[in-house]
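For reference, chains read A, B and C in written order, and residue numbers begin at 1 within each chain.
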């Protein structure tokens, strides 16, 4: 007899963007303790839970290039913070406070991370530079996201 | 008879960034009216027209995770703005102005949006905090883009 | 005869970010010369070498939509910078300095670029606005990355 009809078409392939990692968190209690990771507990986004709200550290799960960004309200005292990667301060932001002149200090950078490496913000130098402020109508926010994952490693 | 030929191979998976949504707009007329969406009419990028220059609102067309960022020139008066999502202020930025001390205030955050949800900037609190400034050689800019789309919803 | 077997599953979608272009660089020598591209030589990330540390210019290799961001420490003098695209200043950031009141000035924008187009930061106007500062524990950073590439052009 004749051959049967062709089989059904195969399933579509997997969609892109398989690897996602992002967090956006705000300061909720102040002032932050100096020389230890700043703990941000107001959660704007942390679906993958790669930011640990108990330690204040973001942990890289997917090796790749990450973008980090922070905007800090400067009030009552100067602000000097550093972005740490693996126990080393890699970027510094300093903004001085003057009476009746609340300011905003910000930083952003692209960093390549290996799986397991951690990134966090910390008040730098002596403890007098922890003037990061936040309340119900003022924010200090720390965000990060995976921009390009290291495809070859998967 | 013999079985038919195997079916055709399935379609390739969805490519990366099939869904694009991004805008970057600047203040062109000032001062902005308080307690209504700030209208940015200087267009750096708005190819998809998801930012509505008549209402001042960005409208989510593709559910997913979005990054929003703004940098505001603080001149003549204090600046207090809030990023609204669906009629609720979700993030606040405050910067005080002092004579002969123009400042820059900035904010950024990651927010997950459902299709149809709108995001905009608005002067917050009393009307005296609308010191956002812009002219031919000074900018105040509001940007946003789709970072990860919700693949499962397509 | 009977119908054939179903076809094979399709190939995975094109991986995210097949085309990659990103840089993040910091000021290392100061003050920057006015009215020429600012040279950032502290390298946070420049794997593709699309940012030229000898000219201070980022060169677009893949046409598409790019995000640019900078955070500048304002110290000793005022800061007025412009983001240039193809010999034209497209965005301006101004922050005044006051004694004992170090500030942070920032800017960010999305720009569509054609292959070969260059983007850089430059002190704008008279030469007195080059108060960008950086040292071992203070940074001024310029970053950029390809967000969406123009798929149809490949």
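In this text, a contact is a pair of C-beta atoms (placed from the backbone, for glycine too) under 8 Å apart; a residue touches a chain by one contact, two chains touch by 3 or more.
It should be emphasised that the depicted structure is a prediction, and the values quoted were computed from it without experimental measurement.
Chain contact topology: the protein chains form a complete graph, every chain touching every other one.
Here the C-alpha atoms of subunit B line up with those of subunit C after a rotation of 120°, rounded in steps of 5. Here the spacing of subunit A and subunit C, counted between their Cα centres, is 19 Å. Those residues of subunit A in touch with two or more other chains are numbered 1-17, 69, 98, 101, 103-104, 106, 108.
Touching subunit A in their complex are the following residues of subunit B: 1-18, 65, 67, 69, 80, 82, 90-96, 98, 101, 103-112, 124-125, 147-149, 151, 154.
Residue ranges of subunit C in contact with subunit A, taken from their complex: 1-17, 20, 22-24, 26, 44-45, 47, 69, 71, 73, 98, 100-104, 106, 108, 137-139, 141, 143, 145.
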